[in-house]
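Order of writing sets the labels: A, B and C. Residues in every chain begin at 1.
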Amino acid sequence: MQIEMSPEIDARALSLIDWSEVGEDVWADCLEATLRFSREGKRWSNRFAEKSIVLLFLNPSLRTRCSMELAAGQLGAHVTTLQTDAGLWKLCFEDGVRMDGLEVEHVREAAGVLSAYYDAIGIRVFAGLTDYENDRDDRMLRSFAASSTVPVVNMESAWAHPCQALADAGVLSSLYPGCNGKRFVLSWAYHPKALPMAVPNSTVQMAARMGFDVTIARPDGYALDPNVMKTASVLASFAGGSIEETTDLAGACEGANVIYAKAWAGPLHYEDPAAESELRASHKDWCITSDLMDSTDGGKFMHCLPVRRNVVVTDEVLDGPNTLHIHQATFRIFAQKAILERCWGG
Amino acid sequence: MQIEMSPEIDARALSLIDWSEVGEDVWADCLEATLRFSREGKRWSNRFAEKSIVLLFLNPSLRTRCSMELAAGQLGAHVTTLQTDAGLWKLCFEDGVRMDGLEVEHVREAAGVLSAYYDAIGIRVFAGLTDYENDRDDRMLRSFAASSTVPVVNMESAWAHPCQALADAGVLSSLYPGCNGKRFVLSWAYHPKALPMAVPNSTVQMAARMGFDVTIARPDGYALDPNVMKTASVLASFAGGSIEETTDLAGACEGANVIYAKAWAGPLHYEDPAAESELRASHKDWCITSDLMDSTDGGKFMHCLPVRRNVVVTDEVLDGPNTLHIHQATFRIFAQKAILERCWGG
Amino acid sequence: MQIEMSPEIDARALSLIDWSEVGEDVWADCLEATLRFSREGKRWSNRFAEKSIVLLFLNPSLRTRCSMELAAGQLGAHVTTLQTDAGLWKLCFEDGVRMDGLEVEHVREAAGVLSAYYDAIGIRVFAGLTDYENDRDDRMLRSFAASSTVPVVNMESAWAHPCQALADAGVLSSLYPGCNGKRFVLSWAYHPKALPMAVPNSTVQMAARMGFDVTIARPDGYALDPNVMKTASVLASFAGGSIEETTDLAGACEGANVIYAKAWAGPLHYEDPAAESELRASHKDWCITSDLMDSTDGGKFMHCLPVRRNVVVTDEVLDGPNTLHIHQATFRIFAQKAILERCWGG
C-alpha cells in the first residue's frame, strides 16, 4: 500500500501539558526565548510558513485565542481556530464506552485527524469541577494528547495553564532580574462562581521556580492540592526561595513585592457545589484594594484576566500605576512564540 | 522596569465612530480612496503585512464580517474575527460597578488587551432599543473606544454605520458624478421586528453631504432624532442640497432618482415595545414595489442588506435591473480599505 | 454607470454539486490530481494567492472545515469560514415568499453578495429529513448555487458528499491500483439518530465508478433511492463492476476487500420519525466487529467520520491495523485541492 503517514511519535515529547513535567533546561530556554521575543515586539516573519496549528477551544477565550493566533501568525504559520460551541461535534473523552448518547465523535478520531492535518494542536479544556480526581489528573487533556501524534500545547486545562505561567515569568523577569529575596503573594479572591485551580497551580510553581519567597494567602478550605504544593516546595528550594501559606491576607500583603490575585474552588468541597458556594460566600471581603496595595513595598498587582472589577480587585488598583495585568496579556504572545518555536525547532 | 508599551495615544484620533465627527477633508479623502479601490477591484498586496486588526462582533453579520476580512486581507493585514456568541466572555460596559452578575470581563480590560495585540479594532455593537439616550449617545461603542489605544472602526453601532455610508457614497458617486439637483428618498419600511436607527442616521447625513435633495418618507412617529436632522441640514446647506420630511411615500417617490429603503423603530415609542409594535403593524403597506419604482425618474433602489423580500421591497424590484443592493455590498470592501488605509497611514 | 461587475456566468459550470452530473473526464482528472497532491503531501504555495473562498456551514463540521481551510490555504488562497449558528443571519431558501417570519436574509442576496466577494463558495447544508423530495432534489443547495455566479463546492448536502467520495476514491486507488474483481461492501449501521443519505449515495456511486463489485448490505426498509441505484448500476457496468443488495451482513462481509460502514435513515419511513426510529432500533446488531472483519479477505474498514465507537463499529476494528478512516480524512485535503484547482484553473 502506497499510503505513508509520518507518525512522528517523538513529536509528543514536545507537547507542553504542565511545566512540572518538563526539564529545568526547557523552562529556562523558553523563558529566555520569551524575553527575546518581547524585545522584538510585533514582528511578522515567514519563518514557519510551512507549519500550521489548530486551536481547539472547549471553553471561552479572549486572550488565549488572540495571542495564539498572533503568535503563530507572526511566526508565519497557518492557524485554524475551532470552538466546540460553534459548529463542532460533541467529543467523547472516555475509552471503551458505547457511544449511544450525546457525544458524536471520540477524541481518538478527533486528535488523530487533527494530527494528520496540522503540525501542532492547542487545546483548552477547563476543569469540570464535579470530579476532583478527574480534574487533578487532567484526564481530558491527557486523553486528547495520548491520541495525538503532533505536539499538543495546553491552552489551559483542568489543572494547569502553562502559557500563562511562562508569560507571567517573562513579565516578572523583566521587572525583577533577580527574584531571590522578593516576596510574591498569591491571594485567593472571592468570585460569584466556583472557578478551576489551573491558574493558581501553575502560578505558585512558576513563582517558586523563579526564586521568590512565596506566600499563598487563602481562607481555610482553599488550600491547593498537596502534590502541587510539594512540587512547588521542591522548586522553591532549588531556586533559593520559599513557600508558605496563611489565612491572613493583610499580613501577607505587608511589604510584599507582587500581589497575584485569583479566585478558585478548593479541594475541601470540590464535589459539593452547595457547601463550596456557602463557604465562598462567607469570604466576600477577599478583594485586593488600594489599602492592601499601599501596605506592600511598592508592590505590583497581577491577574491573568478576565477579572471581575470590584469583586476580585477594585477599580483603583486596576486603573492605577502599579498593575501588570495588561503586560501579562501582552507577554502571552511572546511566551507562546517561544513555545511554538520549541515545537517546531528553534 | 524594562517593559515598554507604545501607547500611541494619538491613534485614537484615527478612530471612525461617526462621520459627523470627522472633518470634511477626511470624508473627501476616504471617498476618493474608495473610488480608487473600486477601480482596482480585487487586488491582493502585502502593503500592510505588518498590521493586524481584530473584528469584534456583538451582533450578527454577513457582509461586514466578510468585507472587513477581505479588505484587511487584500491589504496584507492579519485578521482575527471574534463573535461574542461563540466562545467569548460576556463584557461589562459600565464603569464603577461591582461585577458580581453575568458579565465576566470589563471593556477596559478587553479593549486594553486588544489594543496591545492589534493595530486596529473593528467593533459591532447594535442598539439595545431599551434606553433611547444610551443608544443615542452610543455609550457602548464610546466606552469601548475610550479604553482603546489603537484606532477603533465602527462596524455598526447603536447610532451610526459609517462603513455602509461611505460604501453607499462610493456607489452613488460612481453613478452620479454630480448629485446636486438629484432627488434621494430615504423611505421607512415595515418590518416584523423593531430595528435600530444606525443606518437611517448615517444614510440621511451621507445623502445630504453628497448634495442630494433628500426626502425622508416615513409614517408619523418615525421621525429621526432632531440632532441627526440638524446635522443633516447643515451638511445639505453646505453641499447645495436640501432635506425634507413627508408621510407621503408615493409622492416622495415620484420623479426621484434614488429610493433607499430601511426599517427602523422611531423615537416616539422607543422604550415602549408594545406601543411601537402596534404602531409599526399599522404601516405594513410601507413596502417598495415596482409601481413606486415606475413612478421615479429611472430611479435606483438601494438597501444595506439583509432585506426581507416582499416585506421591505418586492421580488420584482430586487430581481429587476434598477437595484444597487449588490453593488452597495461590493463597495463595502472598497470603503473599508479606504478606512483602514487612513488608520494605518496612506 | 461606471460600476462593472464581472458576472462570470460560466463559472457556474465549474461548480461541484454531485459527481453524477459531471463528465467522466472531469472525475478522472480530479482523481488524478488528488493522487498528485497526495504525493506532494503538506506543501504551502502562493499559487492561488489572488483567490479567495468562503466556507458556509449550516451544519457542524470538523474534517470538512479544517481540510478545506488547509486545502485552500496550502494553495495560497484566502479563506473565510462562516457558521450559521455563530453570528449569521438566518437564511430563507424559498422563492416568492413574504419574509415576515424568522428568516432574515434570502439566499439570493447571500449568494449574490458572496459571489461578488469571493472566487468560490463552499457550502454545507444537510438533509432536513422531513421532506423526502426536498432532500432528494437537494433544493437548498441548488437554490444557493442558482443564485451564485462563482463556482459552488458541495461540502455535503442533503443528497451528496462529493468531497468525501473523491477523497475515498483517492485512498482506494492508492490501495488497489485496479479495483475490478475486488469486493466493496457498503454496510448500513445502527445509529441512535436518523442520519442523512448523502454519504451512502455518493459512496455507492464512487465504488461503482471505480469498478468494484459492490454489495449494499442493509436491513429491509433501508434501500437507497432508485435513482441513486440506477446511476450506480450504469457506472458499474461502464467500469466493469457490479452492484447488488442484500440484508445478510455476515454473508456480504465474507471474502470482501472493503467494508464501508455508514448509518442512514432510509426512504421507507423518511417522513415518519417515530416509525423510522422503531425500525432502526430493531437493528442494533448492525455494527462492524472484528469477527466480521476477520471473515473478509484481509479487508479494510472505511468510515467518513465522525463515528460512534461500539455502535457503528467496535474499538477493536478502529484501533486495529486494517482501518483507513484516518487516511480517508487525510485525503480530504488532497481531494479538495484537486477540486479547487479545477475551479480556479489547473
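One rule holds in what follows: a contact is a pair of C-beta atoms (placed from the backbone, for glycine too) under 8 Å apart; a residue touches a chain by one contact, two chains touch by 3 or more.
What you are looking at is a predicted structure, and each value in this text was computed from that prediction instead of being measured.
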Given over half shared residue numbers means same and under half means different, the chain B/chain C interface is different
Rotating chain A onto its identical copy chain C by a Cα superposition takes an angle, to the nearest 5 degrees, of 120
Chain B to chain C, mean C-alpha position gap in Å, rounds to 40
For chain A, residue numbers touching 2 or more other chains are 83, 86
Per the touch rule, the chain A residues reaching chain C in their complex are 1-3, 5, 49-50, 52, 54, 78, 80, 82-83, 86-89, 92, 95-101, 104-106, 108-110, 112-114, 116-119
Chain C residues touching chain A in their complex are 38, 42-44, 57, 59-63, 65-67, 69-70, 73, 83, 85-86, 171, 174-175, 192, 305-311, 315, 318-319, 325-327, 329-330, 333
